[in-house]
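Here subunit A shows up in two complexes: once beside subunit B, once beside subunit C.
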Partner chain A sequence: MEVKGIIMRDKEMIGDFGLFATIAVAIVGVGIFSSPREVIDKVGSDAWLVTLIGGIVVFLLLYLIYMVMKKNDFEDLTNILQNNFGKYLGGVFAIIFAIYSIFIVSLGMREFVEVIRQYLLRQTPTEFILMVTILTGTYLVRGEIGDLVKFNEISFWIMFIPAFAVFILTVINADFTNLLPVLNNKPSDYFRASRYILFCFGGIEIAYLILPYVKNKKNSIGVLRKSIIFVTIFYIIVMILILGMFSKAQSKILLWPTISMIKSLDIPGTFIERWEGVVMAFWILFYFTTFVNTYFFSGEIVKNVFKLKDIKLSSLLLMPIIYVIALYPDNIAELYNLQFKTTPVLLTAIFVFALLPILILLVSRGKGRGKSKDEI
Partner chain B sequence: MKFKKILPVILSCFLLSGCWDKVEIDRRNFISTIAVDPGEDIGKEKELKSINPEEPFAERQIKKINVTYGFPDMSMLSSGKSGSAQEKYINTEAYSMEDAASEAMAKSSRNVYLGHTKLLILSSNLLEYKDTVKEIIDYLQRNPSINRMMQVVVSDGKAEDYIKFKPTTENSTQYYISGLMENSKKNSRIMDINLNEFLILLSENGNALLPRITLDKEKNELLLTGAAIIKDYELKGYFTPLELLDIQLLSGKFNMGKKVIYMEGHPVDYIIDGYERKVKVEEESGKLAINIDIKLEGQLGGYYVDKKALEKDELQKLQNTFNKSISEECEKIMETAKGEFEIDPFGIREYIEKFKPSLWNRIEKDWNEKYKNASVKVTVSTKMRRIGAVQ
Partner chain C sequence: MKENIKDKIEFEAEKNIAYLKELLEGNSDVIFRTFNVGDWKASIVYIDGMADKLLLDHFVLEPLMLCSKSIENVEEIKNNILAVTDMHEVKKLSEGVNAALSGDTLMFIDELDCAYVIATRFWPARGVGDPSGETVIRGAREGFTETVRFNTALIRRRIRDTRLRIKPKAIGTRSKTDVAIMYIDDIVNKEVLQELEDRVDKINIDAVFDSAYIEQLIEDNKYSPFPQIQSTERPDVVAAALYEGRVALVVDNSPFAIIVPATLPNLFQSPDDYYQRWMHSSVVRVIRMLSILISLAAPAFYVAITSFHTSIIPTKLAYAIAASREGVPFPAFIEAIIMEIFLALLMEAVVRLPRPIGATIGIVGGLVIGQSAVSAGIVSPIMIIIVAITVITTFVTPNYEVTTAFRLVRFLIIIASAIVGLYGIVIGLILLLIHLVRMKSFGIPYLAPAVNTNIKDLKDMYIRAPISELKERPSYMRPGDKIRQK
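Entry: the complex of A and B
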């Protein structure tokens, strides 16, 4: 036990900013391209409100994760699951978690590739873009978690500085009266819209991976809150700008309103035109960070469950799975069907993000009581 | 060890050579203007409907539309030479916009590239065919490389002629028309609209106003002449530039302009440089009452040598006359727009939707009827702040 404690302390090398950046870049992913359409389609001008509510719900889920980690002395996820549910059941739960993450991130990869093919590389084969992305990701995952966090810290700036610059320039053409009326929908519409916005926040499971390595665990919950607030504000800005730029009616039609918005940048009197190619290149990072973090997370689980030597091996095992899942949907319609309208996927999501942490908390509380009784 | 060093080199060869999307800039044809005319087969819409969707060889010679692509001749632009290039054009006959693009590709040595298009000219004849217009609009929305910031105009007659037109002050029509539209910021008798705004208007209710251009062949002049009224993807009529000014006043898009009244036979010009509009819509006994308040600020532009304007009463008199004249004019225009054309370029619908959602929920179903029968009151308050350099 003591030896383990020393090892754990050695590993604690992630600072507060590392945690903040990792959570932020892991969450902001490919969902930001398409989900504004779905949300605006359901609730119109209240899209920003739904985003805010989504942010609050996601923070609660993240808080749940934090509680689970805290109850279990910040061990890694597989250990927590196996300690609480026994070796086999815990292992199965861990694998479900890993498969779900990989599944969602692979579908995200397909969407990302489709966007790239539509706007940047028209002739390049889908398979090639997939392969290059996966290989690049694997290279990063083969490093230690410290490298991953450093990468996240750097990408954070590369991602958000250009993004906010673009937003400022978009404001010129936006008509903010499009945000009216407020609260003019049926409550059930808000509920239906929240599904899509919650999908945008996928990636919070990275907290399971990263929390054990954080230096200053007392601050963690504050840092988590900050990163969720940051992401929520980012999404709200995107929603507001899309509504301002395209109004309700047009945003419903556009498949990827965010990209159309970037493309429609028109700054009077500038000498640069059609710079969305440059901006799109930055946006590749938005997906890539989500992918790499989730990949690492799943690789770590697979490694621990099957007692593999290191993550290099488990990442190799996952590589073909990602490739196959990403290639599986025939077309973009099937892709969205798989993401949003397939009941097993939705149920797994609810299980993984809401039920599982609650179960762990219940079980570990029961165990804790039992322990204290034993001690008496 | 040696292998480990060589491997990255081999790998990079493999990865870097995969350049599928390589395009040389001098292989591209940067289209600056797209002009769409009806083709000779456009009247056969009914005949086309009878075609079985599963029929083989669907790609047939149907000349539904006539698309002309205007582009600057890049081969004339080389280092050392200055100035803008001469404009050239490719003319295609096709059944759809996509077909036209591929046809144009077959007719030119360079790759047709639509990302830099600045101007879309729709022929007034084309706008009579609703179904074809819808096809074209869908293409413009769907194609990701189309520049959504290009300007849209309706041409009086054949759009192709406008591309071929040689303006006196510019090298190309596109520059000329863009310049004209730019003036809309200084003169509200001209409107300008880009594709993004046009698509938004169409997706909201299918109604829009588009600037109209006319070619005077005798004088060799190209003019912006008011606006074309699009209702439900169809051309319904035109507004003259003067009517357009009033519409801009009513819709809140006014920038600058002038108004005139005649006092004892002499024109009095009022140059408007400040402007504010407020809309109020209320439902009174089942009928909509639209109140528009317009506040104008400006200066006296021209009067008569013997007249003195530097008197409070005189100015008040002028202001009152302007108030009356402008408000009556605006009311009339609004009556025609909603009564005759049944269109709403004033943003009344958006206003109710945004600011009176409960009213909108109630009247949404029979909006057209309600709007048509609404009563209109326009109150104008002009302020003449300055009178120029003489009394």
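Entry: the complex of A and C
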């Protein structure tokens, strides 16, 4: 007998905490491993300041997203783009968006797999770990958006409670005089460093996916602000701890300073001696949430642009693409080159996060849309 | 094949009896009795062993046969002579026959186009006993029995409210088992109620023997090891659930009532949580959650650290484990699987056996085999400790069905950890989380209130706040009347 819970599907809305948790877990990802090295390399002890500025910039970008959504009645992204730029151009923009997200998240996937291989499974082939992770993500993506948000809500606690516990334990060994001197870099250095920190904040595009389903839309800009503040504080703590732990000179030469920091963790009298393995296990979730949220977002766009029946089909289409992109770099060095130093990638990022929302706002104003819709 | 009973009731009692005799032919337990009531002929039909003969003799036959001389109108028989409290008329013969088959007495009288059904159900039944599967330290010791009416009465005693509803249903085309749908009209979540009724009406099966049948026929996701409906033998649990806006199904022949919707946090709660002091209950709840994690991951963690990550434990401990595994011919994974299977066998054997023999199995299995397996070098002593921890932590969970689900998951996680170590454990747990997150029970998320969180609901989830603080009904059940105490 086939019984399906069809009731209340359309009524399912996302609460404030769901929005907060989704934004937070989607942003905090694998970038936290490598970015501290790059940032500290550029600006030394001012890394935390750059992080703060990065947080503010990201909030502005998020505010832009919110404005775009508000002006367009909280429709989904593909609809907004197609309404404003016409069916084909809008579709192309949407696809660029999806490809960019998938590209970044796939490179992140490779980094994640390399970290896992380095600290947990030295002999397991990259391809296998990759496949297992993608398949696990697909299982969640094949569900509904409500399931994704619920997953984020629970992951939030599993991620951040142990993380803050680790912070408290590392504070003991940190030497905070390493944070001095303050503000003695050239302004251009801050600018160059911020590129890396902004990469850490990748994942804010998930707001496009989530906002249409939020129950209390009036309140949501406040919730978005809270989650950005949360993430920024989280990153600042990481930066300060790394600086305090290793000082400027040493942080520069570590491949993944965050992990080295955890490695130096020593809790006497415990059953576990070397914590990086166990902490790595928790970090899996940090990356996994970023991955699965972006995956869902891109799947949703592909579904809408090509008018596919459901996200099950589009997630199947994306699966091999993620796999291939993640396997493309030969090693970690090439991976970081692709992420940070390739001009097309950078330009796309600027286009997707800054230009496109502004364009939409201009076009929708020009079309006279949204004048009477200021109140939601 | 569809049952074929004619609906029309003849004016002559004997014609009806003749028809029924043909319909129920070859049955030694069906009793037909025809007698005179004044100028009319009357007949009764009942099932021997299910009807109360004493009541029939003294309050039906006696007045009808002795005091009916003076009556003039056939209507008077019902109003003046039949000295029974519970009776009603049926217009359809099929309804009457069904009533007779469930222990009532069917009565035909000449010149009436209807039949009387006299409630005479009476059969040997077990009394209200201890709820052996859900014992509490403090709290009622009443458990359900196999008779639906006793069970609804046990619940009614706890809810003396005019708004309590007990809707009857008959399920099973042949068994026609009585089912009572219970809810409190102004508290219940109407959507859940509607969905439940729809699903129950869709059931088209010949017989149901226990509420477990109905549970499995109406659940949301049959491809999940987790129970999505709560079953209980305690009337106080059912009553508490009704007060939370949930719906209960009481099924005849089953001492287990089922409650929908159920969420995983619900299944982790015991009535004791509310009867003990709140601090104690809160601690117990936290321990329960920790222990389910330990029971899920302990053997898998052992497999992972011995096969992949020997470096993460202190060197001394690593040596100790290596020394204890000295001479064990199997890899840790095989060792863990052997012990898990052995454990499953032991539990299965003890459950089915009468108690005195069960104890023997426990001694033979636990002491003799466990001890000698170690000294024979098949498993290491550490593995025995791990298994013991697993068993103890598993049974901290109050709901047996949940523990069986987690046992299955534990197997899978052991396999995953044998392939990719800690990463396998984490991916296994993530998959479990995704599975749970995607499930729903009658439209309510299975993990509520841990998901779609409303801060107020958390007062009664990870901890149990003092009763005086629990002023509202759980909001994730979306009850009608939200306030519980002012």
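Following the convention adopted for this analysis, the second predicted complex is superposed on the first by the 350 of 376 C-alpha atoms of A that agree within 3 Å, B and C clash if a C-alpha of one lies under 4 Å from a C-alpha of the other, contacts with A are read in each partner's own complex, and residues count from 1 in each chain.
FYI, a contact is a pair of C-beta atoms (placed from the backbone, for glycine too) under 8 Å apart; a residue touches a chain by one contact, two chains touch by 3 or more.
Fair warning: this is a prediction, and the values are worked out from it, not measured in the lab.
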Who does A:F288 touch here: subunit B (first), subunit C (second), both, or neither?
-> second
Pick one for A:Y139: touches subunit B only (first), subunit C only (second), both, or neither.
-> second
Max touched-residue count on subunit A (subunit B vs subunit C) belongs to chain C
Looking at the overlay, what does A:S264 touch: subunit B (first), subunit C (second), both, or neither?
-> first
Answer with first, second, both or neither: which of subunit B and subunit C does A:E153 touch in the superposed model?
-> second
Touching A:P181 in the superposition: subunit B (first), subunit C (second), both, neither?
-> first
Return first, second, both or neither, reflecting whether A:F17 touches subunit B, subunit C, both chains, or no partner chain.
-> second
Who does A:Q250 touch here: subunit B (first), subunit C (second), both, or neither?
-> first
Once the shared chain is lined up, is A:P125 touching subunit B (first), subunit C (second), both, or neither of them?
-> first
The intersection of the subunit A residues contacting subunit B with those contacting subunit C is 120-121, 124, 128, 132, 273-274
In the complex, the residues of subunit C that touch subunit A are 191, 194-195, 199, 202-204, 217-220, 308-309, 311-315, 317, 420-423, 425-427, 430-431, 433-435, 437-438, 440-443, 445, 447, 450-454
Where on subunit A is subunit C touching in the complex?
-> 1, 3-5, 7-8, 15, 17-18, 116, 120-121, 124, 128-129, 132-133, 136, 139-140, 143-144, 146-147, 149-151, 153-155, 271-278, 280-282, 284-285, 288
Touch list for subunit B against partner subunit A, complex = 15, 18, 20-21, 115-116, 141, 144, 147-149, 194, 196, 199-200, 203-204, 350, 353-355, 357, 360-361
Show which residues of subunit A lie in contact with subunit B when the two form their complex.
-> 45, 118-125, 128, 132, 177-178, 180-181, 184, 245-247, 249-250, 252-254, 260, 263-264, 266, 273-274
